[in-house]
Amino acid sequence: MINVGIIGGSGYTGGELLRLLSTHPEAKVVSVTSRKLAGKRVDSVHQHIRGLCDLSFEAPRAAEMAERCDVVFTAVPHGTAMDWVPALLDNGARVIDLSADYRLPLEVFEAAYGIKHRAFREAAFGMPELHPEVRGARLVANPGCYPTGASLAAAPLVNAGLVDRVVFDSKSGISGAGAEPTDTSHYPNLAENVRGYKLTTHRHYPEIRQELTRLDSKVKVSFTPHVVPAIRGILTTAHAFVREEARDVIQDREEISRIYREFYKEAHFIRFPTGVPMLGAVRGSNFCDIAFEAEKGSDRVVIISAIDNLVKGASGQAIQNMNLMMGLDETTGLWFPGGAP
Amino acid sequence: MINVGIIGGSGYTGGELLRLLSTHPEAKVVSVTSRKLAGKRVDSVHQHIRGLCDLSFEAPRAAEMAERCDVVFTAVPHGTAMDWVPALLDNGARVIDLSADYRLPLEVFEAAYGIKHRAFREAAFGMPELHPEVRGARLVANPGCYPTGASLAAAPLVNAGLVDRVVFDSKSGISGAGAEPTDTSHYPNLAENVRGYKLTTHRHYPEIRQELTRLDSKVKVSFTPHVVPAIRGILTTAHAFVREEARDVIQDREEISRIYREFYKEAHFIRFPTGVPMLGAVRGSNFCDIAFEAEKGSDRVVIISAIDNLVKGASGQAIQNMNLMMGLDETTGLWFPGGAP
Amino acid sequence: MINVGIIGGSGYTGGELLRLLSTHPEAKVVSVTSRKLAGKRVDSVHQHIRGLCDLSFEAPRAAEMAERCDVVFTAVPHGTAMDWVPALLDNGARVIDLSADYRLPLEVFEAAYGIKHRAFREAAFGMPELHPEVRGARLVANPGCYPTGASLAAAPLVNAGLVDRVVFDSKSGISGAGAEPTDTSHYPNLAENVRGYKLTTHRHYPEIRQELTRLDSKVKVSFTPHVVPAIRGILTTAHAFVREEARDVIQDREEISRIYREFYKEAHFIRFPTGVPMLGAVRGSNFCDIAFEAEKGSDRVVIISAIDNLVKGASGQAIQNMNLMMGLDETTGLWFPGGAP
Amino acid sequence: MINVGIIGGSGYTGGELLRLLSTHPEAKVVSVTSRKLAGKRVDSVHQHIRGLCDLSFEAPRAAEMAERCDVVFTAVPHGTAMDWVPALLDNGARVIDLSADYRLPLEVFEAAYGIKHRAFREAAFGMPELHPEVRGARLVANPGCYPTGASLAAAPLVNAGLVDRVVFDSKSGISGAGAEPTDTSHYPNLAENVRGYKLTTHRHYPEIRQELTRLDSKVKVSFTPHVVPAIRGILTTAHAFVREEARDVIQDREEISRIYREFYKEAHFIRFPTGVPMLGAVRGSNFCDIAFEAEKGSDRVVIISAIDNLVKGASGQAIQNMNLMMGLDETTGLWFPGGAP
């Protein structure tokens, strides 16, 4: 049994780790921290796990956590994780960091987040479908939610060298913005609305760009996020414009299909639904559903991916990474369907 | 391993049985029927279970189903189940009927549903918290969604003989109305709306009345259902007016609490949250969350229950019944938290 | 032309007054106050009125407001309005107070709101359908949103002396809770949920009780509010239990209908729709739609009313009051349909 | 007073015409047709206009309608309007056709809609901001909802010759799909979801392309529509990629702003909000709110437009056209704010 710790367990990604780990056959949460809530029962905040979790929030130090845990998830804001990660690693724990602190090269991180990194380390980028080096890693940087949906949608075509430019237009449920009420999450502002934000400046852009230019250094990448009236889920519409010489290739549906299936042949969580991806089909699950359609007589392929932002886009992928780091099958504890309807 | 069959697997309760049974450690779905869809892959309808179910819809006869299955769930409309149930039983299968056909005494059923029963049998009423006789039963009538939320909310107080009259005002997600589009389920008609319907004539009323008058024959029961803009969940507000002699009792919060905890002391799926029940806390799970508040200086206690109508209100409770019929712990395969947020 | 001032114009009721008055043929908003936003353009907060309002927020004193305005709406929190109202009146303005400060007798107010009244005055209760004395009044206390929907639903039957007990179960859109983000208005907490709150202690209860016991001093009244996933609207379900001697009366649908139509024969904003009331049909409008159904062979009548909480439940009714105070037809500037779908 | 007829008044655009015209000071609806509902009261279908409309549906012939009406709106499906329009025109009525039958050149229409045109006529394209020839026209083809939001968002930049390629990613409320329940409009399928559809083949594409290539024949145009969980509204995200020589221009926010303001200097219904456009700010109104942001150091400008699909995207724009055809100010009867919150 893997002993698990969660640093920063009061938010949505913390709650989702608790939900998912409560049925994991090989892992057991032994400590959940929250400086603010130390001493309170965990299920007083996360009412949905009542009956399945007897823990109270604690406020231990990193060394102590590392001693009690085989694996620690850091589910704290960016800029805070870096205060935990090195001490956890140095005291022997494996770490999966759900913040942005270890996802990007040092300079790119500092430019995007506007803070100086106090404790940089090399990490595996925790998107197992693109990064087999997660297996056995000691530090994994769990990707952002948008980068997961966007990269998985376009990677096969980009990897095949077909794509000149790809424009990601993403639509996210509001849980990605966290458990704290804001103007954006205020029901009258979000219901019956769609809200574009950080139209050209979202911090997830460098991650998306990094993942795709790894596969084809010349590909041009654009990204604009929106929030939609949904709790969970990200639907990403990728408008891919192919190179002149690839125009014929994309008119052959079978060929695109072959490229995707080959690229993801060992990826258990990638599915190709009949029809367009629907958020309900992945809700609560670790699946990423992908479909595509080439525009007749044009250079455009539209690819759509659907994930649950809190699962494949955060805590589920983190557990998938844990499984691989610990030598388990990647599906352990995650092999259940989406929650439609 | 229990071999399971599902008669009528194309709707929401069928899909939910498939979702829940896909992770049940002791049961395996071996056949799913749909006359209309016979030959089509099950995951072409239920996209969310893609990857976890390789079956195609079949159209076998009852005897054949009974031969292949230890337990059969009938998830067909009322009036249709009666064409399956006796043959399934007579050929050796245990049956859990999710329709209304076996929930009520013959005459009550015929009056409420306006049809003549063609094949009546005695069944255990499948609400294990009130009906221990489910354990070992061969035929279980799975309760309606509203009766589950309503009866569980009020049963302890009614059983204690305190209640003179109880008014149930229920608010349901629309999935209870099924997978077929209707005027009521049309998004522009339901979003930003609350719709009362069958204000005094809903067919679930006789079930609620039956369950509560079993506990106190004199209790007066009223019921009005509404649909709200939600996919899943029923929140039931029970306005209980107590007998003259019980007015003091209800002013003692500890005493009410004691009555509820004692009544449900062996019920794993009943929880008492801090604060009011929230549909998110039970979403996708088999829990029923209950809270109450007595009006100061009055004869009224307000009790609120929250369930997922497709789980504790239908398919989850059906599996809970299966577990008990087959001698398993009632929580087997159902012990996971709600899907908040 | 009536010169209008709005004290406290930054919230939802202020914005709604501005929206409705922007097309009123006989009134013109000349000043909108907000201490916090003084100097900022009004349309920087209320983007929807951009192009129809050139004002900036001001922070004048009461005497100055009274001098510039024929009518002043006070749209500030309870406990604050009392600091404005007397000075406005004494300097010659007519006042419509949208807070709770003048809705209840002094002692009832102080008990319900837990504050000492610093400046009590007699006011007309601003529900014109029940209070013809609004016409010509100098101070009108605009009712709460729940009391409007509840009182209008039950008043005719109560007035006819038929009702022994009435239980109001109300379902409100969240805009009633204001423009400030809270845990309750946080989208992931409200969407796909129904939330009962202040189950037996809501401050609107004394208003409802006051309005109905005026009509029949013996009627028993209960009230429980909920928020539902909707921006605007209150649907109130009134479960009325009639006196023993009235059981036959309510079984005659025509008779109930006659009672309602007679009671509201001069009320322009009361409508009796075919079928159940729908929030969409009243959305954005000043209408209150009412329907009823008696339970066969029982003592219960279910009445449902639908209003827009920000219009008939607040700013629209306030303008209706203004019209009557100023000798206009009550429908002036308010005679437009609901915004379905 | 303009006498108005509505052919096909039972759907959402018909209901919206009735809603908007019920307060129009210069027009009066004298006839509403529906073959299916002839004889029924109009407010039995459109409950929201109850009290403001005493008409019943009729089934007159075109010549009769033309005789009774100065202006006729045809709100019937494409392929049906062409059976009405010529007879209405030839009998002296002015016509505003809300279908697609007269929006495109003959061959383009026949290719896009797959039907042979039986009665082609030249029409003015009814987007007054781009087509001043609407003033005084006898036949106006009212644009599609997506083309309105998309064309208005990009027209100024395209007209300035800056744009090489523009990708429209549109998010629409479901009322655009009509009043008939479908799988797509089924609440459990749409709530908590975003659904791309006709990803590269939507019939509104030729309209968008037509409107923008009129302004710059070389611009490349792509379009993908989605439905989101909203009743009303279209938010269009335009990803515009500018020509090499225009890269510097777009980095100057003032210059883009100048281009937009100049282009729309006489357009009353175009607004430039502070911050991003919100559907609530235009809900129920004829406004189109537009904002933009250039990506730093890139060739991309993101423009977002928000309209109410049933108003500026259909019936409101149709009335704007009527006003201009009849020599009225374009804002007559339409000068009211959006319905936020």
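Details
Which chain is which? They are A, B, C and D, in the order written, and residues in each are numbered from 1.
Quick note on the criterion: a contact is a pair of C-beta atoms (placed from the backbone, for glycine too) under 8 Å apart; a residue touches a chain by one contact, two chains touch by 3 or more.
Bear in mind that the values here come from a model prediction, so they are computed numbers and not experimental data.
Relative to chain C, the most remote chain by averaged C-alpha coordinates is A. Set side by side, C-D and A-C show the greater C-beta contact count at C-D.
Chain centres here are Cα averages; for chain C and chain D they lie 35 Å apart.
The distance from the centre of chain A to the centre of chain D, each centre being the mean of the chain's C-alpha atoms, comes to 38 Å. Put simply, the C-alpha centre of chain A and that of chain C have 46 angstrom between them. Contact with two or more other chains is made by residues 12, 175, 179, 188, 191-192, 229-232, 278, 280, 283, 340-341 of chain C. Across the complex, chain C is touched by residues 12, 15, 18-19, 22-23, 44, 46-52, 175, 179, 191-192, 231-232, 268, 271, 273-275, 278, 280-285, 287, 289, 310, 335-341 of chain D.
Listed in rising order, the residues of chain C touching chain B in the complex are 165, 167, 169, 171, 173, 188-189, 191-197, 199-201, 222, 224, 226, 228-233, 235, 237, 239, 241, 276, 278-280, 283, 293-296, 298, 300, 302, 304, 340-341. On the chain A side of its complex with chain C, the touching residues are 12, 174-175, 179-183, 185-188, 190-192, 229-231.
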